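In the two assemblies presented below, chain A is common to both, partnered first by chain B and then by chain C.
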Partner chain A sequence: MTATTQTQGRAPSPMLTFLKQPLVVALILIVALLLLGETLSPGFASAQQILRLLIVAALLGIVAAGQNLVILGGREGIDLSVGGVISLSAIIAGNVMNGADSAIVPAVLACMAAGAFIGLINGMGVTLLRIPPLVMTLGMLGVLQGLLVVVRNGIPSGFAAPGLSRFVTQPFLLGLPGIIWLWVAIGLLMAFMLTRTVYGHRIYAIGSNEQAAYMAGVPVRAMRISLFMLSGVFAAITGICLLGYSGSSFANVGEQYMLASIIAVVFGGTPLSGGKGGYTGTMAGALLLVILQGILTTVHIDESGRQMVFGATLLLLMLFYGRGRAMRG
Partner chain B sequence: MSKLIMRGVSKAYGATLALRRGDLTVEAGEVHVLIGSNGSGKSTLCKVLAGSVRPDGGEILIDGKPVTITGPHAAREHGIGIFYQELSLAGHRTVAENICLPDMPGGIFVDRKALEIRAARYIALFETVAGEGFSAEAVVENLRADQRQLVEIMKALATEAPITIFDEPTSALDRAQVDRFFDILRGLKADGRSIIFISHRMDEIFAIGDRVTVIRDGETVGTENIADTNPAAVIRLMVGGQDELAAGASAPPAAATDRKAAVLKAENFSGKGFANVSFEVAKGEILGFGGLHGQGQSAVLRAIFGANLAAGGTITLGGSAFTPSNPRTAIRRGLAYVSGDRSRDGIIQGRPIIENATPIHYLRQKLQLARPAALAARVKPALEALHTKFGGLSHPINSLSGGNQQKIVIARWLIDRPDVLLLDDPTKGIDLSAKADLFSLIRKLAEEGMGIVLYSSEDAELLNNADRILVFNGGSVRRELTGADRTRYNLYQAAYEAA
Partner chain C sequence: MTTATISTQKPGGGLKRLVERYPFLPALLIALVLLALNGLYQPRSISFIGITGLVKTYLALMMLAIAQTYVVYAGDIDLSVGAIVSLVNVVIVVLMEKMGGSGFSVVAALGVGLLTGLACGIVNGIVVAALRLQAIVATFATSIFFTGLALYVMPVAGTPAPAAFWRTYGGRFFEIPFVFYAAILLAIVLYVLARTRLATQLLAVGDDAQAAFQSGLPVTRIRIQGYALCGLFAALAAFCITGDTASGDPLVGGKMTLFSVAAVVLGGSALSGGFGTVVGSIIGALIIGLINSLVFFVGTPSEWQNLVQGLAILIALMAGVLVGRRARA
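Entry: the complex of A and B
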C-alpha cells in the first residue's frame, strides 16, 4: 500500500451502487408479480386491489421500519417480539377506544408507551445482561403470547373507533387513505434520520464497528436500547392500524409480522449483519411481500402455506446475499 | 558441522522489508540467544524456521544439508519445535491433551492411555513448581497465566525436536519456575539438543545462554560468546551506529515548556498490565513512552482514555481531578486517543469518509443534525492539514490506503482541538510519507499548546520526536530520558534491564 493508492472518483460510491441493486431488482419484481397476479386472476391489478395491497403493505412497512433500525444497529440485532407487540397493541387499542372516537388519542398513547416499554426491556436485556437479541426477543415474544392468552383467554373483545377505521381504509387525500400518507411520512422521516442526523450516522457506526464507535464517544448501549424502543413503538403503531383495518382485535393478529418484517428488511438490501442499507429498500421489500402474499391467496394457498413460502424466500435471500455478507466478515 | 545454518534469509511484507539478511548458526548442544529491538526481524527469522512464513531468499542448512521449509508440518519433520509467545493453547482441553496436541498418539481415535503416559513425563518435570491446581486433567482455561505458560513449554518440550525455539518463554513465570526451566534446558543441552532462546531479560540471557546473535534492522550484526561479552556490549551491538541519528540534528530540542502548566498528570496510576505509573505532560510538550512491546505503555494510555479499567491512582486534567470511566467522558474533558489498531478501534468500515471524520465533532458540539455542507467545511481543513489524499468526502473510507485511513481517524480529533492527545503506536502499518505528515503535524499541534503523549514501537520515531521519553519495563516506568540522554543506547539499556 502506498500513499497514492486510491480509487478513482466515480460519482456514486461502490456501496451506493450495491444498495441500489436490490432496490432495482425489487421494483422490477413488483411489476412482474402484479402482471403475474393479473394473468392468474383478472382484476388482481385493478386500482381498488392495488390500493388494498398498499394498505396491507403500509401495515407491514411500518413495523419493518423498527425491524430495519434494530438490524442496522448490528451485533446480530433482530427483533422477534414485534408480532407479540402488534397483537398486544391491537388489544390495548381496541379495549381503550372501544368504538369511541374520543378515546383514539389515549389509545394511541397507551399503545406506543407499551411498545416503547417492551423495547426498553429488550434493549436492556441485550445491552446490560448481554443476552443475544435473538434469544432476548424470542423470549419476549413467548412472554407476550402467554400474556395475551391470560388476559384475553382467546375471546375477542374491544373494537376500533370509526375514526381509526376511516384512517386506515377510507380515502383521505388524493384518494389514498391516511395510513398510506403515514407510511410515506415515516419513509421520509427515516430517510432524513439515517442520512442527515447524528443519530442516524451513529446507528451505522455501531452497526459497522461497535468498538470504533465506542472509542469515538458514541453511547453504544443507549443507542442500542433506543433502537429496540423505536422498534416497539413502530410495532405498536402497526398494531393500532391493524385494529382499524380489521375492526376488532383477536389474539395473535400480529403473528405473521415477525418473519415478514425481517424478509422485507433483508430484501430491501440491509444485511442481517447490519451497518449498511436503509429504509427505502425495506419499503419496496414490504410491497413485494404483500403482492406475493396476494398472489398466493388468489391461487388458494392458505396461511400455513404462505408462511412456508415466506420462510423459503428468506432462505433464498440469505443465499443470494451470502457472498456479500461473507466479504464483510 | 553446525546443527543449523541460516544464511542471508530475507522476507518482505509488501513494501516493508522485515528481514534483509538474517544469518544464524546454531551448534548441537548449545543455548543460542537471539536478541534485537522491536521490529528488528528476529521474530520473522524464527517464523521462517518454524515454517509459518515463507522466506523470499536465503538458505537453510540442517546437519549440513540444504532444506526448504514449506510449512509448520515440514518444520516438524525437519526436527524443529517451537514455543509460541502468543499462547496457542486449546482453552477447553486438559493439560495432557494440550501437551500432546502437536502429535496425538493413536490413529483416528486418540489413545488416551498413551497420551496420559506421555504427558505425565513432562508434567513431572515441573511438578514441584507448577503450583496448586495443576494436573494432567486440569482444563487449561482454568489455570493461572504462569501455569498456562508452563503448559506451553511442556508442549514445546514434548515435540522432542533436535532444534527447539523458545520465543520469550519466561514472561509470566516466577523465579522458581524459571530456575526449573533453565535446569531442564541445561539437561537438553547435555543431550546435544539445540535451543534458540529469545528473551528481553539480560539477566536470563547471561544465565542460560552460550552464544548470542544480535539482529538490527533486519540484519544479523554479530554473534558473541556469552562468556566473552557483557550486557553493555550487547546493547551497543543492538544500537550500532544509530545513536547519532537520535541526538543529532534531526532530533528536536526539548521544547521550551512551562512545567507548571501540566495539562495531564498521572500519580501512582495502576491497572491491568501496569502499576504505579506517574508522569506529567506539559502544555506544548511531546512526552514519549518507550520500551519493548507490551510493557504497559498502551494499557496506560487506554486506561486514561477510559477504554480499559484503571485500578488505582489519580489522573489530573488541566488542574482538576479526572476519573476515567469511558471514552465519552474522556472526550468531553478534552482528551483524544488514536489507536494503532485502526481497523479495530478507528475506522467505521463501509461508511463515507465524512462520517468517519465527524464523530468527535458531533459529540463535542452536541450536534443533532448532520448538514453535509457545514460538516465538509469543517472536515476539509483537517484533512488538508495531514495532506490526506481522497477522492470525495462521500466515498467509503475503505477506498483509501492504510495511511490515508489513519489520517482520517486522526483528522477527526483536529476539528475540535483536544487539550491532550494520546497516540498509541499511531503509525503501525502506515507508509513513510504518511508518517512524516503525521509527525510534522504533531509537532505543530504541540507548538500550538497541545500536550501530547506518544507511544511508538519504532524507537527511531520516539527518539526523533519526543521531548522526553519514559522507558517502560514490566508495567512501570524504568527510566526517564531527557535532553542529551535521549539516545538509543539509554533506551535499550532501560528496556532490557532485568525487571
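Entry: the complex of A and C
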C-alpha cells in the first residue's frame, strides 16, 4: 500500500484514498466499536440498544451541526457557549410548556429565539469588536451560567409536555422516534446547504480565505454573525429535545455538550482551522463518540478506569484523523 | 498584527508606546480601579489582612494563569491544567497521609507532586507538538485521562491534608504571612524564567512557527518544553489550593481551567501566540478575584452574584482585547 504512495508522479491508490476519507474512517470505527461492544457485553448491538444510542447521538449531533458551521467559517471559529444555551433552553422549554402539549410550539419558538439572540451577541462580539471566538464564547458561557443560577432560583424547572417526550423516545415512523427523523432531516438540509447553495459555498469561502471572500463581495461579517446565530438555534433545539428525553431539566444539563460537540466535529473530519469538511462526517463522529461512551458504561469498571480509557481512546482516535502538517524547511 | 509593532513607530503616541512596552498596563489599571472600588464598599478588604486573604485564595489561580501563559506564548492552549491541579492535589495529600504527615513527608510529597505535574505537561506536549493533534481537543482528551487518574488515586473527596502543611501555608513568619514569601519567591523565579532562552523561543514559535523553524529552532522540542513548564506551574497551583482548602478533592481544579484562559486574555496576551506577559496573567487572575469579591461587597443578592460576575468578566475580557489590539495595531 505504502509503496504506491511513495513513488513519484503516481496518484495514490484509489482504495487508500477512499479509506482515508474521514467519513469512511468514522464508519469503520463505528462498526468496529459495535462489534467490540457486542463481544464485551452480549446484547449491546441489539436493535433496542442501537435505537437508544441513536437518540443520544441525535441530541449531540444536532448541537454539533451548529458547532460545525461556526468551525467551518474559520478564523479560529468555535462556540464554547453551546452548553449554556442548551441548559437555558431546557429551562425555558420546561417552563413555557409546563406539561401541556398545546404549548409546545410557543416553547420551541421561545427557545429558538433565545438561542438566536445569544448567537447574535456572540457573532457581533466576534465580528464588530473582533474578539477571538474562544474568548467571546467563553465569556458568554460565564454569563449564561450566572443567568441559569438566577432563573433556577426564581422559578421551578418545569416539565416536558407528553407530546415532546413521545417525540424523543417513542417510535414515530418505521419504528424510529421523531428526533431521529429530525436529525436525518437536519443532515439532509445541511448537506444540501453546504454543497448546493450560495450560502453554503460562502461558508467555505470565508473559512478558507476571508480576505479573498471579502474581495469577491461576500458579506463576511453578516455571514459570520449568522453562523453563530445558527449555532445558538441548534443548541436550543438540543436543549428542547434533552428536556423531552429526561422529562424535566436539572442543573447544567448542557455542560457535557460543550467539548463533546467540538470532538464530534473533529471526528467527522472538519479541522478546527475551518474551511473544509462537512456535516455528514460530523454525524458519524457524534455516533462514534456516543457508542464509545455506551461501551464504557456497559463494561464493569469503576469511574476512574472508565475516564482513563475514555481519554486514552479519544487520543488514539484523533490519530486517525488529519493531523497538523510537519514543519519543513 | 504582531509584525506591525516592529516596523512602524508612529509619532505622538506616548501612552501607546508605553502600553506597547508594558502590555499589562490596561489590566493593571482595571485591577487598581477594582481594588479602589473594593475599598470603597468594604474598607477592611484593602487592609493588610484583607489583601492577605485575597492573595491566599487566588495564588492558585495566579499560578495556573502563569502555567497557561507559557503555552499560549507558543500559540498553543492547555485545557487540562485544571485536571493536572486535581491530580497533583490528590497525589500529595495521599502521600502525606501515607507517610505520616511529618515535615519530611510534606517535602517528599511536594517533590513527587512537581514530578507528576511535569509528567502531565510532557504528555500534553508530546500529544500536541510531536503527534501534531489539535491542542484544544487533544488537551481536553488528556484532561479526561488525568481526571481518571485523580479519581483512581482518591475516589471521593475529603481526605484532610496534614496540619503541618496548611498551617505553614496559612501561617506567618516574623509577622509576615507565608504567602508573601511565596509571592516574592515566585517573582524571582519568573524574573529568571523571563531571561531564559526558552521564554524568547516560545514567543518566537508563537509569532511564526514556520519562520522559527526555518531559522533553525527545534520547534517541536520548544513546544514540549512549554507544556512541561505549564505542568510544573500547574503543580505549584495545586500546592496553593491544597494549602488553602487543606484537603484532597479529585475534581477541585476542574472549574479553574477556563478561568486560567480568561486570566491570560485579561492580562493582554494574544491567544494566537507570540505576544504576552506573565505579569499580565497574574494581574488577570487578580482581576477575576477582585471582581468576585466586589460583587459580594456591593451586596448583590446571592443568586445574582454569578450573573454579575460573568457579565463583569465578559466586559473586562472585551476591554482587554480591544485595548491590547489598539496598542499593537
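What we mean here is this: the second predicted complex is superposed on the first by the 275 of 329 C-alpha atoms of A that agree within 3 Å, B and C clash if a C-alpha of one lies under 4 Å from a C-alpha of the other, contacts with A are read in each partner's own complex, and residues count from 1 in each chain.
Throughout what follows, a residue touches a chain if its C-beta (ideal position, glycine included) is under 8 Å from a C-beta of that chain, and two chains touch if they have at least 3 such contacts.
Quick caveat: nothing in here was measured; it's all calculated off a predicted structure.
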Name the contact category of A:191: first (chain B only), second (chain C only), both, or neither.
-> neither
Using the superposition on chain A described above, determine whether A:209 touches chain B (first), chain C (second), both, or neither.
-> first
May I ask you to decide whether A:78 touches chain B, chain C, both, or neither, giving the answer as first, second, both or neither?
-> second
Once the shared chain is lined up, is A:315 touching chain B (first), chain C (second), both, or neither of them?
-> second
Partner chain(s) touched by A:218 [first = chain B, second = chain C, both, neither] | first
For chain A, which side has the bigger count of touched residues, chain B or chain C?
-> C
Which holds for A:259: it touches chain B only (first), chain C only (second), both, or neither?
-> second
Kindly classify A:36 by the partners it touches after superposition: chain B alone (first), chain C alone (second), both, or neither?
-> neither
Please write out, lowest number first, the residues of chain A touched by both chain B and chain C across the two complexes.
-> 328
What residues of chain A sit close enough to touch chain C in their complex?
-> 76, 78, 80, 125, 129-132, 134-136, 138-147, 149-150, 153-154, 259, 262-263, 266, 271-272, 302-312, 314-315, 318-319, 323-329
Residue numbers on chain B that touch chain A, as the complex places them | 14-15, 305, 307, 326-328, 331-332, 337, 339, 344-352, 355, 358-360, 362-363, 367-372, 389-392, 394-396, 399-404, 412, 431, 433-434
Contact footprint of chain B on chain A as seen in their complex | 1-9, 13-15, 195-202, 204-205, 208-209, 211-219, 275-276, 328
The residues of chain C that touch chain A in their complex are 77, 79, 127, 131-134, 136-138, 140-152, 155, 209-210, 213-214, 219-220, 258, 261-262, 265, 271-272, 303-311, 313-314, 317-318, 321-322, 325
